[in-house]
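Common to both upcoming complexes is chain A, partnered first by chain B, then by chain C.
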Partner chain A sequence: MLIQCLNGLVYGALLFSLASGLALMFGLRRIVNFSHGALYMLGAYLGYSIATKLGFWPALVLSALALAGLGALLDAAVFRPLQDRDPLIILLVTFGLALIAEDVVQTIWGNDTHSLAMPALLAGIVELPGSSFPVYRIAIIAFGLLVAGGLSLWLKFSRVGLFVRAASFNPTLAAIQGVDTDRVSLMVVAVGAALAGASGVVAAPILSLAPSMAADILVDSFIVVVVGGLGSLTGAFITALILGQINVLGIVFAPEFTALLPFVIMVGVLIWKPTGLAGNRV
Partner chain B sequence: MIALAATGITKTYGGFTALSDVSLSVEHGEIRALIGPNGAGKSTLIDALSGRNPCLGRVELMGADISRLTPGKRRRLGLSRSFQKTSIFPRMTVRAQIELAARAVDGSDGMDVLDEFDLRPLADRLAGDIGYGDQRRLDLALAMTGQPHTLLLDEPAAGLSFEESKRLAAHLRDIAARRGVTVVIVEHDMDVVFAIADTITVLQLGQVLAEGRPDDIRANPDVVRAYLGSAA
Partner chain C sequence: MKAVPFSLGLLSSLLLATTAAHAADTIKIGVPTSLTGPYVELGEEVKRGAQFAADEINAKGGIKGRKIELSFADEEGNPDAGRRVAEKLVRSGFRLLTGPISSAVGLAIGSQVEKWDALYISGINKSDRLTGEACNPRMFRANHSDSMDMAVIGPWLKTRKEANWVVMAADYAWGRDSAGAFSSTAGAGGKSVKSQFFAPLGTKDYAPYIQQIKDAKPEGMWVAIAGRDAVNFGIQAKQFGLMGSVFTVGQSFAVPSTIKGMGDVAEGVWGVVNYTATIDAPGNKAFVANWTKSFGKDPANFEAETYVAMLALFAAIEKAGTDEPGAVAKALSTISFDTPFYGKVTMRPADNQLLLPNYIGRVARVNGELKTVVEMTVPAADAVPPPSKDCKL
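Take a look at the complex of A and B:
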């Protein structure tokens, strides 16, 4: 049972580190980014290629940086020009970009699955009462907590964080008060993309790399963002942890309902509290 | 010196013309009141000047063309504004809001503004929890954060009591005189308007009906008929 709960935390941590970027982007740009899973996938594949030459840690850093650059490009070339258009257009464009990214991955890396070796430093096993647990999986939980803590401190205490909180609440008002919302959005989309890329690299040693990996986790990420409250990091964090537990414990205790349960919870929360668990708090 | 100039401002919504070829020229340090009946286009003109609402025409700030600049860029150039409804973030503290505007405009912490507008006792309270009169004061403080040289105020006395309106008028007069700030104010409270305005522009149906000194406007039969009535 303890092992299952820990595995739930591992999946929850991964979900949060991916969904946090999605939540931030929605808060700033009010966009539903269907290409976010593709950023995660590109991060994983880039990490895989870099790791074969330079090892895991440079792959993690370089992949996150490359994805940050791609995120900045995405904001400047797609989100900003389309910001005043019908949200459906952005939804369709990002969906198209996700399909293109999948094709690019298939062209470069093929359809076969790949796996990324975990770093030697984290390759051990931790002995727990009556069982054992891989150190790398504990490191993933720590990574999720680090992302949550880092984002929280950044939003609460930094100058840009103050701008992000204001622009997430009301972008027009923030702009009127002098905040350069375009610059703040570019930074946030870059950070969100970097987190997606880093999540892809971190997940790669425990999940196999395949072109379908984007779609697999994207749906759960959207559930995290919607149930947590669109644009809310706190809500996303709580929901990711809950969803992680449901995912893993569901497989053990009610396998036939595991896939269905997150959607039931989402519908229930939207009926009970349409703004999500945390409303529109950042 | 002309602080703020607008030429040929035109704004249409579908088939409705909210502003038609409106021009305005405000001297540095002047307090200009925009008055007129509801729907005359006063707030639309403030939106056009602040960049909130794109429109046809040209807007110049201190001689520089700012027509294509975003509201944020205009704000950082010294053109500030307030809204009919308070422009506050209800779930931020008073201190955080002032800091937000100050950091965005000039990188300072804005604490001098807290003192100037007597907001320090309320600094750690959520803006949504303070009284309406205090919220309007915060609104004005936010507009004044970062030492703007031109201020656009959209009905700053709305919802205030007679005493609060009088204090606001005195405060505005004081700010304009002490800091040499140019003020364009939309206001329905004629006591406030006639107490502070150097010049008044009267709008009606999206066009300039009259412009002049308060006494001339008060005596203008077209303005009396269209807007002031016997209240003047």
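Take a look at the complex of A and C:
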């Protein structure tokens, strides 16, 4: 059972590192970014191509950097010009971007399923009480915790973090106080995209690459963000971990309902607390 | 490069649809298959197989001077989408259908073809229901069914020492059928199946299933998972130390497309082999050579099986002398034709199942490349169980 809980943590950690960017973007820009899954996918594919030349670690770093650049571009070219329009427009535009990204991936990398070899350093198996467990999966949990820790330190203690919190609390007031909200949000979207890209690379050795991966993961990460409370990092963290456990426990104890459970929980939470578990604070 | 003839084909099909006089000139075959979704790679194989067969016969001048025209559509691996796009194909004149991957999609289309005055011939679907309770005079199967695969697994399993087995299968018509058939076959051979696990199509993380399989401590594992899911399961099972320590046999699990994704993980996996480029048959060498000339790699099983379904259609159209689905179906129910690798094959009218030989093989390194090697060949006479009593044609 311990092993199964660990398995839940692995998926939860992965979901969180992806959904954190989504939560940040919503908190700051009040946008629902349907292309977030596509950023994850692009990160994974870029990582795959880089890794075949340079190995896993450079792939992780370079792919995250490339996605940060793409995120900045996304903010400057899409989110900023559309920020005063109906939120539905951004939703549709990002959905369109996701479809384009999927086609681009199909054209460049084809429809074959690719898989990325895990770094040799983490390729082993560790003996835990009860069973053996792949070291790489433990590294994924560590990665999730690192992202959570890093983000909360950044938001709490850095000057930019203060601006981010201020701007997501009240963008107008923050702007009046001299916070350059456009610059702040450019940074936040870049960080969110970089995290999505890094999650893609980190997930690649266990979840193979295919053009459908963007759509697959997007639904789960939206559940995380919505149940956690739109824009809340803490809420997303808690929800991702719960969702990971529910996925595993569902498979073990009630396999017929596994696919249904996350949605039941989402509906339940939204009825009970429409703002999500952690309200709407960052 | 390939996009040009395809869009030309699309354009010309539009033109043809508007000019009824021309419409009779080509023989129209509709191919609803997975262009997106979890089986997209298998859908590409179907596309290549169908296109190769059509190009080959068109190069020879078509059937009685009439060229074959194909139209592809996306069934998304989803029965509802499959039925919708198939009906659209039928409405635009493509009434001879083949191509869906998932048995659930094949059944959704096959159950409607009588109503649509169309015809469906499966090249991929394995679920016994197609030729069992769901059978009808317009639905055919040119590939191996689950029970055909089991008919060769039974005798082979008796030669294995592993006594305790688990089943890991995809949670829909095919996976459920495969699991049920394997369990009863294993039971009949004195083996026990301790547990069966079913994962939804498109499952990303198989770890919870893998852990349960490890806890069951089996000696052997039957895997009925295909496409991208197979790659995910294989890689993750290896990471957990499951594959490599437990004897693994699969159905549609370790096939060329998934072997490419899995890499070394696939080495040593046994399975029912419905087609492999290494089959030692007189016509196969020439077929493989022609195929390699077009696509730069060996033909994979779904490519060859789709090719057989197309050959069956061509033979029946030729025999019927028309492409009217009713007449083609009548000819198809007793058709007999030559294939490059299975030899001469015949359709069984009792359940519209094509009688085929079958093989058991394993994945091994041949000159440094991972390939499926045939270990046992079973001729059609022994490889096909009698027709199901549930099918009354």
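To be clear about the criterion, the second predicted complex is superposed on the first by the 282 of 282 C-alpha atoms of A that agree within 3 Å, B and C clash if a C-alpha of one lies under 4 Å from a C-alpha of the other, contacts with A are read in each partner's own complex, and residues count from 1 in each chain.
Operating definition for what follows: a contact is a pair of C-beta atoms (placed from the backbone, for glycine too) under 8 Å apart; a residue touches a chain by one contact, two chains touch by 3 or more.
What you are looking at is a predicted structure, and each value in this text was computed from that prediction instead of being measured.
Enquirer: Quick check on the chain A-based superposition: chain B and chain C, clash or fit?
Expert: Partners fit side by side after overlay.
Enquirer: After lining up the shared chain so the two structures overlap, which partner does A:Gln177 touch, if you call chain B first and chain C second: first, second, both or neither?
Expert: Only chain B; A:Gln177 stays clear of chain C.
Enquirer: For A:Leu162 in the superposed arrangement: first (chain B), second (chain C), both or neither?
Expert: First partner only, chain B.
Enquirer: Under the stated touch criterion, which partner chain does A:Thr113 make contact with: chain B (first), chain C (second), both, or neither?
Expert: A:Thr113: touches chain C, not chain B.
Enquirer: When both complexes are superposed, which of chain B and chain C contacts more residues belonging to chain A?
Expert: Counted on chain A, the partner with more touching residues turns out to be C.
Enquirer: I'd like to know which partner A:Val252 touches here: chain B for first, chain C for second, both or neither.
Expert: second
Enquirer: Between chain B (first) and chain C (second), which does A:Gln4 come into contact with in this model arrangement: first, second, both, or neither?
Expert: A:Gln4: touches chain C, not chain B.
Enquirer: So, does A:Pro134 touch the first partner chain B, the second partner chain C, both, or neither?
Expert: In the superposed model, A:Pro134 contacts chain C only, not chain B.
Enquirer: Put chain A at the vertex: what angle do the Cα centres of chain B and chain C make there, to the nearest 10 degrees?
Expert: The vertex angle at chain A equals 150 degrees.
Enquirer: To be precise, I mean the smallest distance between any C-alpha of chain B and any C-alpha of chain C in the superposed model; what is it in Å?
Expert: 39
Enquirer: Can you list the chain A residues touching chain B in their complex?
Expert: 159, 162-163, 165-166, 169-170, 172-182, 281
Enquirer: Contact residues on chain A for chain C in the complex?
Expert: For chain A paired with chain C, touching residues are 3-4, 7-8, 10-11, 111-115, 118, 125, 131-134, 136-137, 205-208, 210-212, 216-217, 247-248, 251-252, 255, 258-259.
Enquirer: Within their complex, state which residues of chain C touch chain A.
Expert: Touching chain A from chain C are residues 36-38, 40-41, 43-44, 197-200, 202, 204-205, 207-209, 211-212, 214-215, 227-228, 231-232, 235-236, 239-241, 257-258, 260-263.
Enquirer: Quick check: in the complex, which residue numbers of chain B touch chain A?
Expert: 50, 52, 70-73, 75-76, 81, 83, 87, 89, 91-92, 96, 99-101, 103-105, 142, 145-146
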